[in-house]
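Shared between the two complexes below is chain A, which has chain B as its partner in the first and chain C in the second.
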Partner chain A sequence: MNFIMWRARNVIQIVLVFFLWDSVFSDPDRVVFGYNRASILTYVFGILIVRAFVLSARAVDVAGEVSSGDLSNYLVKPIDYFKYWFTRDISSKALNLVFAVFETILLYLLLKPPFFLQTNPLYLLGFVISVILAMFIFFVILFITSAVPFWMPEVAWGAQFIVVMVVTEFLSGALFPIDILPRYLQNILYLLPFPYLIFFPLQVYLGKLGAMEIVRGLLVSLFWAVALCFLMKTIWNKGLRVYQAFGR
Partner chain B sequence: MIWFTQTKLLVLFLTGKILRFVFFATFLLFLLKGANRLAGYDANQAIFFFLTFNIIDVLSQFLFREVYRFRPQIISGDFDLTLTKPMSALFKSLMGGVDVIDLVTIPPLFVAVFYVGSMLNPTILYSVFYVLLLINGLILAAAFHITVLSFGIITLEVDHTIMIYRDLTNLGRLPVDIYKEPLKGILTYFVPIGIMISLPAKALMGLVSLPGVLWSLGFGAIALFLSIKFWNFALTKYTSASS
Partner chain C sequence: MDRAIIVDRLVKNFEITEKRPGLSGAVSSIFHPQKKTVRVLKGISFTIQPGELVGFIGPNGAGKTTTLKILSGLLYPTSGFTQVLEYDPWDRKHEFLKQISLVMGQKNQLWWDLPAIETFKLTQAIYEIGQKEYEKNLDELVELLGAKKLLNIQVRRLSLGQRMRLELIAALLHKPKVLFLDEPTIGLDLIGQQKVRDFIYDYNKKTGATILLTSHNMNDLVDLARRVIVIDEGKLVFDGALEELVHRFAKEKIIKVYLSSQEDIKKLRTIGKIKKIAFPLVTLAVPRTTAAVAAAEILQNFPVTDLTIEEIPVEEVIRKVFKNEKISFGL
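== the complex of A and B ==
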C-alpha cells in the first residue's frame, strides 16, 4: 500500500509540473529560459523516470532504525550495513522503475506531449553515468541525515524532512529546471550536490550541454560521491561510538 | 528534557516549512519574470493564488491536526474513550489538537496576503467575497477531513488518504485555469480544489459574480452536510475490535 501511494503521489506531482509548464508554453513556438515546448515537457517526463532511479530509496528507513534501536540487530550480524541497504535500494529502484515506465507511457498517451528523443549515443552514455552517480550521491546523503538520531533519537524524521522532502525536492530540479534561476544563484547551486541528482542528468539527456560541460559535471558528481562517502563514514563512526540503542 | 526535545522538533519542522514556502515562492517569481504571465494571470495575481493556497493549507493543518493522530486511536481501540465522553466525538477527532508550528506561520502569511492582495486594488465588495469564500474553503477542507476520518473508521486507513488529500490540494498552489479539461472540471467540482482555493483568489480580483459566490457557499454547505452524514454512517461500522 505504501508503495502504491508513493507512486500515486509522484504522478500527482508530475501532473502539477506538467500543466504548469504546458501553460507557460501554450504557444508551441515560444522559447523561454532556453527551452521550447518539446524540451521542457521532455524534462517533466524525464523527472518521473530519473526520480524512480535516484530518489526512490528504501534507505529512508535507516533513521527510524537508529532512533528505535533496531540498528543493534544488524550490528551483531556479520553483514555490512551500508551494502545491505544499498542492495535494498537497488531492488526498490528496479520496482519503482517498472511502475515509472508504465506511468510515463500512460501519461504520454493521455497528455500527448511533444517528446524529444535523444539518439546521440554519447549523450545517452553521459546520461546513464550521471544517473548512476546521482543514485549513489542520494544514498549517501540519506545515510548522512540518518545519522542525526545518533545524537538526537527523537528527531529521526526531522532532518530527513528538511534535507529530503524540502531541500532535495527543490534544489535537485525535481520541480523545475535550475537554469530558470538567475546566473548567480545557479553558480551557487552548482557547487552543491543537489543539482547533480535530477537536473544534470536531464540536461545531459536533452543535449543542452557541450562535451566539456558534461565531463566537468560528471567530475563534480564524482567528487561529491567520494567526498560525501568519506563524510558519511566519518559521521557514522562517530555516531556508532555514542549509539546507546535507545528504545531497546 | 521533553520541552527541549519538542523545541528541537518545532525548530526543525518550522525551518522545513518556511524553506518549502520560500523555495516555491522564489521559483514562482523567477518563472513569472521569464514567462510574464501564467494562464493569463500576472505575477502579483499568480503569487496571490499561491498565498491563498497557503492560507487555507496552513489553517486547515493548524485546525485539523488531530486527524493525523486518528488512526492509532482506531487501531488500539482508544476511540472508545472518545465515544464515552460527553462531548462530540467528531469535534474531538477533528479539532482535538492544534499544530503549534502552523500557529507561528499564520500571522506572517496573513500579512503577506494583505500586502499582495492590496496591490490588486480590490473593492470592498470583492474583499468581502474573498473572506466569505476563504471561510467556505475552510468548510470544504473540514468536509474533506471529516470524510478522511470516516474512511479511517471503515477501512482503518488514514495516513495515505490524508497524504493523497494533501497532494491533491497542492494542485491548487497555482490557479486551476492552468489545467486542461477534464482535469480542470474534476478539480473544480469533483475534488473541489478550485472552489476551495482558486475561487477566493479570483473573487478578490473581481472575477467571480454574486451568484457564483452564493453557489460556492451552497456547495460548501452541502459538502459539509454530506461529510457529517458519512461520519454518522461510519460510526455505525465501528466495531471497537482492538479494545
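== the complex of A and C ==
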C-alpha cells in the first residue's frame, strides 16, 4: 500500500512537471535555453525512468534505524549492514523499474509526447554505466546523511530531508535540466556529485554529449563514488564508536 | 580456551546532551548544548568459564545491559579490556558473531508482518546454517519450547509470551556458544516465565553454552544461576555463588516456632525480632552467631511443638540488592 502511494506520488510529480514545461512550450517552435518542446518533454520522461533507478532508495530508512536503535539487531549478526541495504535497494529498484516502465507507457499513451529512442549501443552502454554509478553514489550519500543521528539521535529525518529532498532533487536535474543554468554555475555543479545522479545519465542517453565528455563525466562520477564511499566508511566507524544502542 | 569471557577494568562513559524544559530551553540547548558525561561502568572485572550460567544482577541503571552490549560488540568501550571466545567483540568479526547471540526481552527481531518461520529461514541464510542442521536445530528448539503451533502465524497476532519463545528460537538456531540474555522473562506471565526458564536451563545443560543473564525476576536467578555477579552504580559489588551472597549478607537467621498455646507469645520479643505472628506459627529473626542459643532458650521456656532454623530466603537478599540498599559485603 505504501508502495502504491509512493508510485502515485511519482506519477503526479511527473505530470506536474510535464504540464509546467508543456505550457512554457505551448508554441512548438519556441526555443528556450536551447530546448524545444520535443526535447524538453523527452527529458521529462527520461527523468521518470532514471528516477526509478536512482532516487528510489530503500536506504532512506537507515537514519531511522540508527536513531531508534534498531541498528543493533543487525550489528550483532554476521551480516554487513551496508551490503544488506544495498541488496534491499537493488531489489526494490527492480520492483520500481517494473512499475516505472508500466507508468511510462501509460503516460506516453495519455500525453503522446515526442519521445526519442536511443539506438546507438555505445550511448546505451554509457547510459547503463552512468546509471549504475549514480545509484551507488546516491546510496552512499544516503548512508552518509544517515550517520547524523549517531551524534544527534533526534535528527532522524532532518539531515535526510535537506540532502535528499532539497539538494539532490534540485541539483541533480530531477526538476529541470541543469544546462539552463548560467555557465559558471554549471561548471561548479559538474565538479559535484549531484548532476551525475540524473542529469548526466540522461544527457548520455539523449546523445547530447561527445565521447570525450562522456568519458570525463564517467571518470568524475567514478571519483565521487570512491571518495564518498571512503568518507562514508570513516564516518560510520566514528559513528559506531559513539553509538549508544538505544531502546535498551 | 579456559575463559569464555574476560572483562578487565571495563569503563564506559556516555556523552549526553541535556535538554532544558520549555521552548526557550530547547532553543538555548541548540546554541549552548550542555554536555554531560555519564559514567555507566566504572571499571568492572570478571571472567566466566565455558559452560557457566551466570546471573547478572543489580538495580535499574546499574550498567547490566551496557555490559552485555559491550560484550556483544554493540558498544565501544571507553577503556578496559574485553574478550569473548578469544575475540575482541568490537571487531564484530563474522566468525565471532556466528558464535554468540544477544536476546533482549524488550526488543524484537522477528518480522512483524510475517510468520516466524520466515524469519527463521532468513536467519538460516544469514548464519549460513546447512539445511540438515537447520532442520535438526529447529525441531529441537520447537520441541523444547512447545512452539509448534506458532510457527506459521503472523507474528503480530501472537501474545508476548508466544513471541518471546519464538525470539529465543531465532536467537539460538545457529547454536551460539555464548548467549547473552537481557531480561528474558520480562512481561511474561508465570507459566510463560517457567517455560522460558526451564528452557534456558535445559539449553545450558544440553549444549554446554556459556550463558550470561540479567534479570529482575528473582526466580530466574534462584532457579538458574549458580553464580551471580552483582553490580551497582557501575561497580562490581559481589561475584560468587548464590549461597555465598546469602551468607555474606544475611547477618541473621530465621527461627520458625510452632507453639501450642498463645500465652507468653509476646515474650518472644526478648529473644529476637518478631517478623510475623500467625498462630501457631511465629517467625523470628535472630543474629546468626547466637541462633543456636536462642533456639535452646525458646525450647526451654515456651510451649513449642516444632522449631526450625533457616537462612534468610535468597529472594529477600536479592530484593534488597535491587532496592539499592547499601550492603556491606565485606569486600
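The rule is simple: the second predicted complex is superposed on the first by the 248 of 248 C-alpha atoms of A that agree within 3 Å, B and C clash if a C-alpha of one lies under 4 Å from a C-alpha of the other, contacts with A are read in each partner's own complex, and residues count from 1 in each chain.
Methods note: a residue touches a chain if its C-beta (ideal position, glycine included) is under 8 Å from a C-beta of that chain, and two chains touch if they have at least 3 such contacts.
Just so it is clear, the structure is predicted and the values come from calculations on it, not from any experiment.
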item: Which superposed partner A:Val242 touches (first chain B, second chain C, both, neither); value: second
item: First (chain B), second (chain C), both or neither touched by A:Val15; value: first
item: Dominant contact partner of chain A by residue count, chain C or chain B; value: B
item: Partner chain(s) touched by A:Ile79 [first = chain B, second = chain C, both, neither]; value: second
item: Where chain A meets both chain C and chain B, residue numbers; value: none
item: Contact footprint of chain A on chain C as seen in their complex; value: 14-15, 65, 69, 72-76, 92, 94-95, 97-98, 100-102, 104, 106-107, 109, 126-127, 182
item: Residues of chain A that touch chain B when the two form their complex; value: 1-2, 5, 8-9, 12-13, 15-16, 19-20, 22-24, 32-33, 152, 154-155, 158-159, 161-162, 165-167, 169-171, 175-176, 180-182
item: Chain A - residues contacting chain C, complex; value: 69, 72-73, 75-79, 240-245, 247-248
item: Interfacial residue positions of chain B with respect to chain A in the complex; value: 5, 8-9, 12-13, 15-16, 19-20, 23-24, 26-27, 30-31, 34-35, 38-39, 157, 160, 163-164, 167-168, 170-171, 173-174, 177-180, 183
